[in-house]
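Structures incoming, each one as structure tokens.
What follows is a pair of complexes built around subunit A, which joins subunit B in one and subunit C in the other.
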Partner chain A sequence: MAARNRAKLPYLLVAPAVALLTLFVVAPGVYALVLSFQARKVVGGLLGGGSKLVFVGFDNYGLALADPELWSSIARMLLVALLFIPATVGFALLFALLLDVPRVRLARSTRLAIFLPYAVPGVIASLMWGFMYLPATSPIGGDHVDFFGSTTVFFSVANVAVWGSVGFNMIVIFTALRSLPAELYEAARIDGCSELRMALRIKVPLVLPAIAMCTLFTALASLQLFNEPNTLRPLSNAVSSTWVPLMKIYEDAFVDSDVNKAAATSVLFVFAALAVSFVASRTVSRVNR
Partner chain B sequence: MSPRLRLLPTAALVLGAIYCIVPTLWILIAATKSKTDLFSTATYLPSFGAGIWQNIVDLSTYQGGIFWQWMLNSFGYALIGGVVASLVSAACGYAIALYEFRGRKVVFNVILACVLLPQIVLAIPQYLLLSKVGLTDSLIGVLLPQLFNPYGIYLCKIYAQSAVPDSLLEAGRIDGAGEGRLFFSVGLRLMGPGLVTVFLLQFIAIWNNFLLPYVMLTSDDKFPLTVGLYSLLRHGAAEASLYSLVITGTLLSVLPVIALFLSLQRFWRIDLVTGALK
Partner chain C sequence: MRSQWRLAGALLAGALLVTGCGGGGGDTSAAGGKVNLTFWDWDPNMDKVVDIWNQAHPDIHVTLSNPAGGDQLVSKMITAHQAGNGPDIAKVEYQSLPALVSNQVVADITQYTADTVKDFDDTTLKATRFDGKVFGVPQDVAPLMLFYRTDIFDQYGLKPPTTWDEFKQAAADLHAKAPQVAMTNFDAADPGWITGLMQQGGADWWSSTDNKTWQVAINSAASKKVADYWQGLVTAGTVAKNPSFSPQWNKQMNEGQLATWISGAWAPAQLGGIAPNTKGKWAVAPLPAWTASDKTTGIWGGSATTVTTDSKHAAEAAQFASWLNTDDKAVTAQIQNINVYPAATSGRSLPILSSPPAFFPNQADYYDLVKQVAPSSRSFSMWGPDVTVTFSGYTDKFGAALQNNTSFATALDDIQNATVADMKKLGFTVG
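And then the complex of A and B:
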């Protein structure tokens, strides 16, 4: 009896996760795939005509890829990512190294303050920064600097994203620093190695895996960029309704009601996301080795 | 190191902390202003009138107090979703870590692949599928897709491997404990500290989620805070007096999370996130 239970239990334990995976990852994926190969075509004549779904092969993919707005949205996303990834990882590493300096003051409270924005939703963060950018309410000189200019808007969007993610990444790198054995530094210190040299020559190379993982996390986050530009949109004309790929998919599905084209773009996007994270994670594991 | 040099790292850290706190401080200042003061007084100075009280009253009476319904919804989604997702993750991670069974490798590899797939790109396909079965604009439609947390399962598997010794389970078996009981009374208990982190990560993920509830929900009494405040902002574009409500709502939605966060601080085990790397 016990033996039979032992054989049955793991399946029971795995079942809920597998069921959820099937229903909410696999099934939507397959359904989007099916939709992406169909299109609604008008049938019948002038009288009593309707529309029905017909198989159209790769037409939707052709349509989606030929849409210049998709490519501009990808370009804008890449521009934000170009600012967002290095700034987030760079500041996270800087703050983590500073926290690790012996006898640095106020370490606990500054660490907490920098970590706090992690618990603030992207929408709320964008609201706060949005009002700080808005000329009429800006405390940071929004009446002199145009935070929603054609170039500055990329910095403004990236800034909200950086604000929300530096803290978490800082903690990840800081935890990695803390797990290094203290004896490592003793010899260097006796040899008169400065804290700065020690940080650059000893600490950074040793926490490279954590840095690589943070880079992967932030790269994935930039693909999913949606909340920040979408929330800033009502405050400024500089952000269009198709500013980043996810907003473009949303626009196709819900504003233009072209579910099939939206499904095709979603499928392309899922594959692109998987490709990016696959390459990135391969790089991470190479760094780890 | 000379004392002057030691000040430098501290100063840089303080600058970083200020950068992170300023938006919250400013939203606090802006919330003290009445509708007219918001656009007419110095932006970095608070008003000491009855502005903030009036704003809270206005917000609480806006559409029959719908703001507090949003707050309640957000907590409900995050709490229920967080607890259930952690239990699902714990069960799955425990089984993969401690049992040899057919399909174990396949399940684990598929879950690893899911970790790399940004969940949010699935929101629109999830909506399309759920609208087919009529589950959109329902609480289940928002909750169910957020119960599967591949990263949580991964963390639980790693944690179960190190926290639940095989020998202890063997001893339990010799004493005649059933496999199910071993999971509930030994496994779950030993995995406790790791589970708290998995729960907090998922709680914050659901609390912060916007796109999924945004596409799933149409009736505003089911909105979480993020979607509610966004819809308020959209109305504000036409009616500027709503801006002070958005600002007050933003402040009121940030405060409880910060309080919760500070009080739960010591339960965070971020080293788990990093440790999972190896």
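And then the complex of A and C:
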């Protein structure tokens, strides 16, 4: 009897997680899959006379893939990611290493200050930066520098994202640094190793798994880029309503009211994201070994 | 083992059913015969008008809410309709009405409005009556006009231009005298104003001769004439090119860096929020003409009060829509609080129209001017059934053209192609 109960326990424990996953990920996913094979067609007459959903096979997928806007949005996302990923991981590592130097002062408050932007919701951060960029309201020289130029806009968007995510990644790397055995440092110091050499030769190689994990998180975050460009959009002509893939999907679904094409694009996007995560996590586990 | 899985599956399916079915509907009627209606509207101060109704009608209570404005509300209405929980009544701009009818979001209220429609002239009704069916009660008409800063015009010796050639000249003169002040702002964010300019220029973006086949002419010669004119001003640098209703634009408006605003007759109520420092510094003039003494203008917005297909009390909702736009007391309150120029014929002779909007104390004849201009405002034959695609195309393509200094005419071609492709995909016949 007791053995049987014990056998049930694991299922009971994972049940809430499975239920939530099914309810909010699997079920909507299946619904999106169903939608992606359908299309709305009007019945007839000038104003359509009503409409019905018909099965259209892979038509929506064809339309989505043939849409040049989708490909430009992917290109723009990659450009932002190219700035966003190295800057986030680089600054996070730099700050973590600096905070780990024994003689550093005000370590606690500095750590909190660097972490704080992570606690600011993305929309609010983007609005705030938006006002800082706009010539009419900019306190940082927006009337001399065009933060919404055709090239600078990529830096402006990436900057908001970096500002928001450096703190979290710094904490991850800093925690990894703190868990390294202190004897290592003592030995290095006795051998006359400088702080800089210690950082580069001992600390960085040993926290490489944490750095790899941060890179993976940041790469996934750049796939989900939405809040920053979407909030900056009404402020400038530089950001279109289909600037990154998720904005394109949103636009299709809720502005152009073509939920079906949006569903097809979403399904494609999920597979692309899965592929990226798979490759990335393989790389990470190789680094960890 | 297996039975446990089956149980878990059954539980999950049950949970899905419960949550899935619980959503729709929404009880709009309380016990005891009292009807509760929800009303989506973004007009500032509409609450004061709704209060008048609620005091006079204890058995039909209207609850006002403002979830979004303009095009965003259209998206929200379509989404809410798909979820089955739309409002009973909603404000819809004329240009979005066919799209909402085609999406079956807005209900046919012909049977409830037989008397109401008598209070509107045919030109106004054309915007809400398709194929003999009434889909909304017109609220206001908004002829496009030229709002200009009297102080800036005086300072730099400008006169309100009467033709587009004069407007261009004035823009150049102003730019030479005061480079920091732009004549106006070319806006890629709100499609409403450019369609108004296109209408004045003679474009007819959507039409149909046989009531079955659509003709789409977004990139017609008339449209390109208007686009080329504005491209010239933008290239010359005599007009600004920021998105309207953005912090940048608001500040430029408030600080006198924009000398004019081409806008609808509803502008005075909006200006109070956009540029509070400029009270009493604005005046209105007719829109400049393409050929001297041609009075034609276009429209920007103008709305109807509609009843949705989700409403369980269509009769009561239609009764409110009729009251809101034809009752003297309601229309007076709207003119006073929202500065609408009423669509109803009776509303246009109300005594309240002899006093100017609160933000324009300097222009006593404000509504007289609107009244003179209104009859010569020209719209498209009809608005397309997928106008949302056209409008998002405008913001994106014209936004990109402004950003990269590329051709407005090519942008019009792109919008034409996107619109026609979408209509064909949905199954409309396009000639």
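Here is the rule we go by: the second predicted complex is superposed on the first by the 267 of 289 C-alpha atoms of A that agree within 3 Å, B and C clash if a C-alpha of one lies under 4 Å from a C-alpha of the other, contacts with A are read in each partner's own complex, and residues count from 1 in each chain.
Assume contacts are C-beta pairs under 8 Å (C-beta built on N, C-alpha and C of every residue); 3 or more make two chains touch, one makes a residue touch a chain.
Source: prediction; values computed, not measured.
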| item | value |
| --- | --- |
| First, second, both or neither for A:104, with subunit B first and subunit C second | first |
| First (subunit B), second (subunit C), both or neither touched by A:51 | second |
| Partner chain in contact with A:131 - subunit B first, subunit C second, else both or neither | both |
| Subunit B versus subunit C as contact partner of A:256, first or second or both or neither | second |
| Touched partner set for A:150, first subunit B, second subunit C, both or neither | second |
| Touched partner set for A:66, first subunit B, second subunit C, both or neither | neither |
| Subunit C versus subunit B, contacts on subunit A by residue | B |
| First (subunit B), second (subunit C), both or neither touched by A:11 | both |
| Touched partner set for A:187, first subunit B, second subunit C, both or neither | neither |
| Partner chain in contact with A:42 - subunit B first, subunit C second, else both or neither | second |
| Contact residues common to both interfaces of subunit A (with subunit B and with subunit C) | 8, 11, 18, 23, 27, 131, 136-137, 234-235, 254, 259 |
| Residues of subunit B that touch subunit A when the two form their complex | 1, 6-7, 9-10, 12-14, 16-17, 19-21, 23-24, 26-27, 29-30, 38-39, 43-44, 88-89, 91-92, 94-96, 99, 101, 104, 107, 110-111, 113-114, 116-118, 120-122, 124-129, 132, 144-145, 147-148, 150, 153, 173, 176, 178-180, 183, 204, 207-211, 215, 225-227, 229-230, 233-234, 236-237, 243, 246-247, 250, 253-254, 257-258, 260-262, 265, 270-271, 273-274, 277-278 |
| For the subunit A and subunit B complex, residues of the former touching the latter | 2, 5-14, 16-18, 20-21, 23-25, 27-29, 31-32, 35, 91, 94-95, 98-99, 101, 103-107, 109-114, 116-125, 127-129, 131-132, 136-139, 163, 166-167, 171-172, 175-176, 178-179, 194-195, 209-210, 213, 220, 223-224, 226-227, 230-231, 234-235, 246, 249-250, 253-254, 259, 262-263, 266, 269-270, 273-274, 277-278, 281, 288 |
| Residues of subunit C that touch subunit A when the two form their complex | 4, 8, 11-12, 15-16, 19, 71, 75, 78-79, 82, 98, 101-104, 130-131, 188-189, 208, 211-212, 214, 241-243, 245-248, 251-252, 382, 385-386, 388-389, 392, 395-396, 399-400, 402-404, 422, 425-428 |
| Touching residues on subunit A, where the partner in the complex is subunit C | 8, 11, 15, 18-19, 22-23, 27, 39-43, 45-48, 50-51, 63, 130-131, 134-137, 150, 234-238, 240-242, 251, 254-259 |
